[in-house]
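Below are the structure tokens for one structure; questions will follow.
Residue numbering begins at 1 within each chain, and the chains themselves are lettered A, B, C and D in the order written.
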């Protein structure tokens, strides 16, 4: 049924395009962008209770400023900002008060900036479905989030995207990713690791999946079809900055699947998985120049702030004063100060930012920190790696390490704020208080549901203000709670400032790193896969508390595979081949039974069965070519054994056009592989394929549409000219099919008899 | 398809295109944003963009008398300079335009001879410099041999000064006292038409823009004098200016050019391809020295050529990072260091006045962001530009000709009015 | 000088009322006048005092014609110069004044007052504004301070020497700038204390402003320049000579030499009216420039004794108070001269002179 | 037969010595088990691998040496026949030849194999392959004539090498030519180790005496070949001089085994004293020059400087390091990371542009010297001179770290073009680069050598004095 939808959706998509075709060309020079200004997450809790995430200060600048600047930097003309009713007002107010961005402002770099309010939105998906309805989008547009900090130039990516889109309307989306290298990198997301399966030759994205240390098994399940690709990489070294270049079809896709909520976990993963249904292609643009990251949680907030201090985001640095009215100056020791700061002569400050009219008392030291406007910092205060927002008061002799203090927080004398503390708006810590270390405190004046919290003197001291923050019952987070319910939700890993897996019971099996294997000799591969299957999971390397990641750049042979399906494939192919080769009997039912058994044992997907079958017959045919001419070989391979054809028809293919195409493609791939495995001369491969297809056609296994669908399928020509040449050999057949009529075909048959 | 080829990202050309239709404010802010985002950078581009915007100010901004016009130019100018504090040429262009206005204004006033004792003072102050800019603007017109500025304007530039202890009036006070004498520095329009002034000033600004576009050619005009047969010329990170210079020399002289790319360019050996090609065409041998350091080569080098981002009043220059090292090495082997710079890059600021001339650029320019440990642990400081102390430079070649350090004062005097020297501090 | 070239017929000098009044009273003692002026105002500098003195003279002289007046002024100027051991600073003032008169006499535009005032107008102007000139001189000092203050950056270490009020003001302005930007002064000062107490006010004032100041002996300069990693040196001067060099209190040359050796910028803060038409060639050349000082007295025991007997005589020879010895700092040691007219290369000084006296 | 076996046995260590280079790679670096999978490397990456490689090879060589030693002893005692038969001319002649061919194969593998597999060789490794291609045509043709007098490494097909060149030397020559072994001290060390093998394999022909025959007929060929592969560094020259002196001292009728033993022993001592121990003491001496609160500026990554800094850190000194790097091979990044691991604050300036600014902050400058000439001038990696000049202007003291073995008693250089070397992969008009530059003695405040404690710190001008002192005891 989902397939139907797919069909409809695709159709709708096409229709829309057709309709807009003209307009599109005209408006191609107008670049549009959509900002998702609401994440529907609470990873910034408790701060996000008071202010929408995209307005929270990052290096003393509201995040959305970076996002808008990025769009301006890339010449975007029209901007649509999506907010949920929850916080539209605030965001809108902010934009409205900014003489730079306000819609229609003389000095705005954008020709238009519109807010779209979706009252009942529950997820980003809802936004995009809504956007689809509105049909505001005329052509390629850039989809970003309100917490994006980036300086990458999109020109190249846009050009490529456009070129691809013009080549094939189904190429609907390009995902911008920043490579971040092998090693641990502060700017990679912790906890949840995205894995992109990419075909290097085309940069096409084949598969997307997220893993996190809390999940029981650390396997990526790759759709076997992926393995049809001669080469692909599993990239987990990437920073996903959430920049997508989309054609309007993308919105159509969202609409088709009403249940998608998240652009990656649901949409990207889903669309790629159902590729056969929607026929859409998604590509990646992996940049290694420039900066791009999302402050999607506090850890990223931390990392990006550090990157800004380290000028990795240049020119998005405080002393560029991109925000109207700022006048930061870069001074010695990487210190950036606004006008009117007061730094006592013997106060030391390094690698930090100090906001407008903030003061630093004598004997105090600030390092690797960002301090907002109008903060009062007393004498002999020590601040390290911390983020102090506006109008914070810190009294003498207090120490603050790696914490976030929101606006108007007040910390009394001789207090200690240890690593990871989060002090939300207006919290006040009484003098001489030492906040807890493990777990670090998250103090707020409000509770998760927004209701005021009753001050907890035991935490914030006598007549301090604020209490330990509890999230609304819906997503209860409490670091004291047992590991189980803590462990269930990976996002909980990202709710703290400091990433740590301590105290979590994490299964020690790492993401299975599949053997790298460049040769394509199928037999070799099969043995390879067997080896994988036999590998005892407990033997697999144990995860440290740090991230587990696949070796980011291992080239995969078309046949190496995630152990499960891989195993099935091997056994199945071997089984089938044996019975096909068998001299004594010409019965195929035994093989069929065995096969079905295997299938159940491994609950192999249809596609993997399809592939197995295709491969075995292709191989058989290939073997036979050594003695016979291709045509005969194909015929013998298919017909020697009674029921083989039937088996293929029932198990291997199936009625649908798409499935038939897949089978054809599988055959093609298999033969090509044979050629590469030197078990079949290149010349013959094509003819064999042609012969096979023809046979299958004449035995009603494949129908005209199926074969034609395969013929027109992009993948049939992807991956080397070998594929192409092999395919070409079938041109005659195809042409013949296209204007086929009964007699001819029957004649053909009779000839074969 | 067009936008595709050009790309969407804004840049100087795109900006200039927009100027026509836009409101002045929009243009100003537009430029400011581009400057801040470094999407317009480099002396030439900044100078040109500034001139264009100031032209808009004169043409579009609302003003009825010279004081207002000056104020408007100063206001916009100040915003631009603050947008890119390290692009000193912006300030220069603003000063040039201010001076221009003052000249035109005073001429206007002389036209109708109200030359009373009162504002007569200003005549003398302004007349001679105006003569000066006359000569220099004369030299700005295209022509093989621009006239070298005479001493007179320089003298007149200071003549006001020595006596002002005893003089009847001096600007310092006239600013404070609201008497009509204030006209001395910014004469109030009595009955001369603003429109006339406007067109005059606009012409002047266009002349400045001509000067910008012709500077390189004029500088190149002095090449063959400085470069001799058999020389080994080390050109540090040659710019368009240097390229013209060398190529021109190549047409007359047979020398060897060592192209010094202080840092690996993304283009690799292909960098400076056009320069190499042109020189090769002229039969000049080029060696592309792929090194960060040059002390090793200097014994063989006969002259070092540095392109300047800006030349400061005391002769120090701001140049690409690494230039100071080359200059030092040159001094070590006492080889002359020649700085190429259009006059418009000559700033009245003194090296000690300039707010920290070392611009820290993009850390990822040379350090891969993909190197997690490095990114996290190490304070990367990649200097885009740095200050080459005055004592390391031997000669400056501008579109007016070759100069020594002591000369710079005169040129400054020719091009900037005393009143504007302090811009934008005032 | 297009406007000036036409010389106009001399109008007869009219005796002004007040001139006639004082005419017959006690003869005018220029030296006395000069000393009282100097004493009256600690802020006033020698050239300006000299000018003031001459203006006073102008008010008192019975001279009728322009020529007369000029010669009277001339003789008094010379009197004045002979009266002091180091006449050069005075010369700066007197020359300027005389030149100003001469110009107007020649009907030539003294810049800043064109078209030429008649001689009498000039005279009137001078008499009327004599006080104004003093204030202008002080204003000039402020301007210099304002310009120089920009040189003192966050975290820099500045070395200063001598009793120059200009340098003092300059550093105080710098402190103000820093307070504006940082809330507190972010630079340090090393003050070279020559035996005199002249620098004490500056040191106190700076410390008052919260600027950390270190006082060092002259002998500690070389050490300090490196040890304190000094970024730049500021000195005042008594005069700036024709080639852009300095005649200034003893020790300036030494300081300049050390700075150059250590590649530390050496800045001079001087009002343009301190520029004087004198061209010393070397330390030995000072007497030719009219400087009378006996820094080098090689003596043996006898002379030593002899002098102790007639010490008073020794006193009269050099006129007490401003007898502090000076030395000559050649231009190549000077990074630049900060004047109220802008920052000048030493070489540019000659332009000023040329323009003034030709 | 016996010879065959013996020969093979004798070759064995030599063989598995150099293949060990690529394979086993026991680098302490936690990451990337096998470099084969590493992606396109940052310029720094392969450098580390090279280090690792060197370590690896070192290990292997040691192993080889031990094996050799055992064998030698065995050879001496139980089976004199082998030795004697070994004396047979034919066998002797054939042995190196055969070995040579075996080595050849290895070379081939190393040559073609490596670039394909992965960037195992230094950053330029990838391209060297290509250079190797061009190399057959005269590589020097493109060198601008004003630099034509400067020598350059050259890859010589092992087949072209003199037949008597020992396999181990052949291998080493290639590794030097390809800059697989790059650092001067490393080159010195491996040369000596190779010579060890040469000596072990050497048997004095009938009617000849080792002391008369070995140098002219064996050693010189080796030296010639090595020099052809890459111009010798000063330390190599010095070492050879000392070795020859040693040999010449042998009495004509010193028994061969005794002489060989003596030579081997002196080589081992040499390595221990002049390299291993020296490095340690220099680091020690240099570390003592660092005081709390210092900001040490250094250029690129240099073995000695790195060790010194770590030593100082280990001594609990509190200081910061400011690294200026050569943008064309960013070895400084490696140093930066190493220091970070020791929680030393590091400022990193990727190119010369940062020098002036960094110097302002620095209190001392440490540079590693390739060599120091008789006049006290220092040869260092290109760029060192620029750093020292800037330091001098800013009045920041410069310390040069250098083993005495790198002192050159005879040669004097006042500029960088007298003795230098062209980067063989940048040796044309489109790309040209010199590897070293020379810093005049007046810009060096002190040279830190392996002399005990304080006395190890000498003014550059007086290195000859040091040499004199040094040689006195050594002369025996």
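Methods note: contacts are C-beta pairs under 8 Å (C-beta built on N, C-alpha and C of every residue); 3 or more make two chains touch, one makes a residue touch a chain.
Composition by chain, UniProt nomenclature: A = Mannose-1-phosphate guanyltransferase; B = Translation initiation factor eIF2B subunit beta; C = Translation initiation factor eIF2B subunit alpha; D = Translation initiation factor eIF2B subunit delta.
Given the structure is predicted, the values throughout are model-derived calculations rather than measurements.
> Quick check on the contact graph: shortest path length from subunit B to subunit D, in steps?
Contact-graph shortest path, subunit B to subunit D, evaluates to 1.
> Write down the chain pair with more C-beta contact pairs when C-D is set against A-C.
Most C-beta pairs in contact, of the two: A-C.
> Identify the chain whose mean C-alpha position lies nearest to the mean of all protein C-alpha atoms shown.
Most central by this criterion: B.
> State, to the nearest whole Å, the distance from the C-alpha centre of subunit C to the C-alpha centre of subunit D.
Inter-chain centre distance comes to 66 Å.
> With chain centres taken as the means of their Cα atoms, state the distance from subunit A to subunit C in Å.
Here the centre of subunit C sits 75 Å away from the centre of subunit A.
> Compute the distance, rounded to whole Å, between the mean C-alpha positions of subunit B and subunit C.
Result: the chain centres lie 36 Å from each other.
> So the centre of each chain is just the mean of its C-alpha atoms; given that, what is the distance between subunit A and subunit D in Å?
Computed from C-alpha means, the inter-chain centre distance equals 48 Å.
> Quick check: what residues of subunit D touch more than one other chain, meaning two or more?
393
> If I count partner chains per residue in subunit B, which residues reach a count of at least 2?
Where subunit B meets two or more other chains at a single residue, that happens at 355-356, 368, 370-371, 373, 379-380.
> Mind pulling the subunit A residues that touch 2 or more other chains?
If we look for residues of subunit A contacting two or more partner chains, we find 182-183, 329, 331.
> In the complex, go through subunit A and note every residue touching subunit C.
Listed in rising order, the residues are 329, 331-332, 337, 339-345, 359.
> Could you pull out which subunit B residues touch subunit C in their complex?
So the residues of subunit B in touch with subunit C come to 115, 117, 120-121, 123-125, 127, 151, 154-156, 158-170, 172-173, 313-315, 348, 350, 352-353, 355-356, 389, 391, 405-406, 408-410, 418, 421-422, 425.
> Can you list the residues on subunit D that touch subunit C in the complex?
Residues 393-395 of subunit D touch subunit C in their complex.
> Inside the complex, what are the residues of subunit C that reach subunit D?
226, 229, 262-263
> Would you pull the subunit D residues touching subunit B in the complex into a rising list?
Residues 42, 44, 144, 146-147, 325-328, 330, 333, 336-337, 340, 345-358, 382-386, 389-390, 393, 415-417, 420, 426, 429-434, 436-440 of subunit D touch subunit B in their complex.
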